[in-house]
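Same chain, two partners: subunit A is paired with subunit B first, then with subunit C.
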Partner chain A sequence: MQATLETSRVPAAWIRIVHLLTTPRAARLTAPILIIVTWQLVAPLIGSTLLPMPIDVLEEFIDLAIEGTVWSAFAISFVRLGIGLALAVVIGVVVGLLLGLSPRAEAFAHDFLVIGLTFPYLIWGIIVSMWFGFGDAGPILVVFIAAVPYVIVNMAEGVRDAPRDLIDMARSYDAPRLRVIRQVVVPSLSPFFFAALRYGLANGWKGLVLAEVFAATSGAGWEIAGMRDIGNASGVVAYALYFAFFSILVERLVFGRLSDWVFRWRPRRPEAARAVNA
Partner chain B sequence: MGRRGLSANAARPPIDRRATRSGYVLPRVSTGLSRLLAYAIFLLGWQALSTFVFPPFILPSPVLVAQEMVSIVESGQFLTHFLATIGRLFVGFAIAFVLGAAIGIAMGRSAYWREFFSDYIMLTLTTPGLVFALICAMFFGLSPLGPVVAIILTAMPHVTINVYEGVRAIPRDLLDMAHVYEVSRPARVRNVLVPAIAPYLFTAARYGFAIAWKITALTELFGSASGVGFQIRTEFLLFSMRGVLAWALFLVIFAIVMERFVLMRMERRFFRWRRQAFA
Partner chain C sequence: MAQVEVSHLHKVFEGESRTVTALDDVSFEASGHTFVSLVGPSGCGKSTLLNILAGVEHATSGRAEILDGGRRARLGYVFQSPRLLPWRTVLDNMMFVQPDQGAEHRERAEHYLEMVGLSDTRKAWPGQLSGGMQQRVGIARAFSIEPDALLMDEPFSHLDAITARTLRRELHALWMETRKTVLFVTHDVFEAVELSDRIIILAKGGSLRQNLTIDLPYPRDPSDDRVALTKTEVLRQFEDLDLVAS
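For the complex of A and B:
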């Protein structure tokens, strides 16, 4: 009797561990661990200096943080991103509202918006580098070019999505114009504005780092391309991890928490501007 | 990442009328004249700027770029490099699509796989393509494997997320009914799963493709000795704006034709029955 209890206790603990490992919560941990383990196992098999070991990458990652070059590189890039995005928002909102109000203006711009959404940022990066050489102007222009179609399309969509019936009701009750704008138009537009910011930021960022490779001598895009040029493989991967780190930061904090909080009253998120770019 | 985070990145199913006709949601107004006017102003403006304001090495006129394109085709370079790019593109895209769809279905069916892949998906969606292009160009050198792996890494999450949305949108009652009537697994896949996610598969293909051709050119630019990306780099190093624009236009025209005419036609043909059913 005693013996059977003893033997059954071991598998029970074992089962509990297996249970723990198969929960969805554990899966998020399993995935990165699996990647690192495979990486560690496969890297020596290939035996190339071009495929760095995880430990080398970690070392490089920490070195970069201590040296501080990575922070200044990203800071330079974020300033460029901010300026380009601000320009894109100001101009994009005006144009977007116009296109939302006038079907003819929309028809006029439609095909160019499509081209603007699909034209590769790589080409823009090369073009601005030939136009402006190395500096801030080229990358900022590419941020603008990359972000502005997303702002325009989302704002135009927001105008079309404005609740006609609410506006009509406000009119029939003789609500003052300013109040209608403040209490009906702006609240219905604001989620689209947020979507415009989000897509503008994401694509502006992608355009920026590409532009920095060709048209700058500083910034995150330039640094990671430089790592490749000198053949520092672990440096490239370590830099890639910083890119991932900042992506998570922005995605989780700004677009997770903040937008959830801003739109806690709204049941549905707007889903305009569905084009994608690398 | 929770469900909302994922769905915020996914495309709407193409069955939305407005979304079927263009990549993003905008009703197309048939004011043909406005559109024609836009093209005329664009081309004339370009021509005027290049003749009167900028020297041709800054802004070559559209005529010059067209001549360059013709001479590239005549020299035979077009065929060699374009075919090299297209080959890599289709191999990479096919693998990305199959893998991405499989992962998307797994994520839609089980919470475990959803959590397993969610961080990977979010990271690859938000990280610039440049990062993947550099890493692949570095690891694989000049071999065609570089672009193919880069396509798989970047296009797959876009496929996955759209297929995942499709699986999540399968009506619960259909699944329950299939369960109650003890429908066999293959029959369930054929009669419930596939028809439900078919429109999402097309959207997935479109979005995946939009990323795939760009990342192909980008990876070729950093690590390849052939292909459109390699040619763009060569022209850039020669400081030939004309050459850069000519090669870029080949690629953009090809992509727009593929996205708008081939993929959308296929989609429309495939769903003709639906439109009639709902008309």
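For the complex of A and C:
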């Protein structure tokens, strides 16, 4: 009885607010707000110019946007990323399909893939700066090198995971080859292609920014390194925020929508939950 | 009219450590409006036989084919699981097996969907349908190519008893209407007795043990004495055989 009385004293409005703040949707907002508030509270206590206050960073963030160099720097980087990634996808898909089909080719390439997946981008950055000096070629090559193993590995896995029961079904009905490729093989590969693209993009991007520090005189990586060189801490953090901003933008605008459309046939949450329970 | 010819069929699977004989010198024939059930314990090569007939697997030796007027018969295949393309709508799944994508075949696909009571799901994704409904689409798909013969591999074994019974009745109705040659694999002797003109019993190890004719009028009500009696009789033969085999 006591417990019931206690809870009844808590105003209903308060419960509703707490409830609202803890929904998954609200959590996406409350998390960054909480971080910023803590940051603003802690930064003055440390009192160092190396840890800028959120307000300074915000100012720098806005200045960068108005001044416009950030847009051109990212535009340069995105072009490099686009070229490197396009090469990685074209070559990676072909090689990946081949490795998936041929165990011998897989055995041949296995060690190279392991090296490719784990090799530090820093080393590639240094190597390409030696080979190509400062320019576009080095960073583009690093994007390609960073992305291509992920594309290969995912596509090869997609081939090995081919839906044999559906292919047998198609064969027993004598479905024409082109129709089987378009309606069975390609759709069955598309989740793997998506993973290839996602990992390729993410790793190509990480490799690119590093390469731009060593082997370029332009681009987002070069700009942020420049901020460090002149000791502009709030500039570095503001720039870092742009990296975060573009990640979210690409995820929401490109991958989120594209995958919603490509995988529209997948059963929605309730069915998925049922499948787990069954 | 379709003609099923199986003669001295052998199928051996060569594994790394052991070889498995799935079919051992199986011969039988069937033709015309016959519903043939292939019954046997699991691992006796029933499904392999259908796959060879469908051209998905190859015989080790011997012959197995279904002909229609001298050429290879057109076959509809109903599998144990529905085997629908999850990324195509129900109607697109029906269209996938049509030899021709024109309006005539589209009408045909829609017609057979209607016959299994699924016209409303034309635009649904297979994942939105229940297991029973998906299997219905699989059956409609097999009939929709207006095949010379039908192969069915335990099509009801994954369904609950009530859904299975409903679908069995629907299948029977479709068969009575079209009267195709059907080869129906099952491990359920009762199901075989209710549906078929003939029952072929395969033993473990893939040899043919019995080729029975079930001469009872349709529809076969499970509560009918003669049906019940026949079931008991076939089941006894089936069990005797297990003893012989072991």
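The criterion applied here is as follows: the second predicted complex is superposed on the first by the 235 of 278 C-alpha atoms of A that agree within 3 Å, B and C clash if a C-alpha of one lies under 4 Å from a C-alpha of the other, contacts with A are read in each partner's own complex, and residues count from 1 in each chain.
Criterion: contacts are C-beta pairs under 8 Å (C-beta built on N, C-alpha and C of every residue); 3 or more make two chains touch, one makes a residue touch a chain.
Here the structure is a predicted model, which is why all the values come from computation and not from measurement.
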| item | value |
| --- | --- |
| Partner chain(s) touched by A:133 [first = subunit B, second = subunit C, both, neither] | neither |
| Subunit B versus subunit C as contact partner of A:168, first or second or both or neither | second |
| A:187 touches, of subunit B and subunit C: first, second, both or neither? | second |
| Which partner, subunit B or subunit C, touches more subunit A residues | B |
| Touching partner for A:110 - first (subunit B), second (subunit C), both, neither | first |
| Which of subunit B and subunit C A:179 touches, first, second, both or neither | second |
| Partner chain(s) touched by A:11 [first = subunit B, second = subunit C, both, neither] | neither |
| Partner chain(s) touched by A:44 [first = subunit B, second = subunit C, both, neither] | neither |
| Shared subunit A surface residues [contacts with subunit B and with subunit C] | 271 |
| Subunit C-facing residues of subunit A, complex | 165-166, 168-175, 179, 183-184, 187, 264-267, 271 |
| Complex contact set, residues of subunit B against subunit A | 4-5, 8, 11-12, 19, 22-32, 34-35, 37-39, 42, 57-58, 111-120, 122-123, 126-131, 134-135, 137-139, 141, 154, 158, 207, 210-211, 214-215, 217-218, 221-222, 229, 232, 236, 239, 241, 244-245, 248, 251-252, 255-256, 259 |
| In the complex with subunit B, residue positions of subunit A that touch it | 22-25, 27-28, 30-32, 48, 50-51, 103-115, 117-123, 126-127, 129-131, 153, 156-157, 160, 202, 205-206, 209-210, 213-214, 221, 224-225, 228, 233, 236-237, 239-240, 243-244, 247-248, 250-251, 255-256, 260, 269, 271-278 |
| Sites on subunit C touched by subunit A in the complex | 51, 54-56, 75-77, 79, 81, 83, 85-88, 92, 96-97, 99, 125-128, 145, 151 |
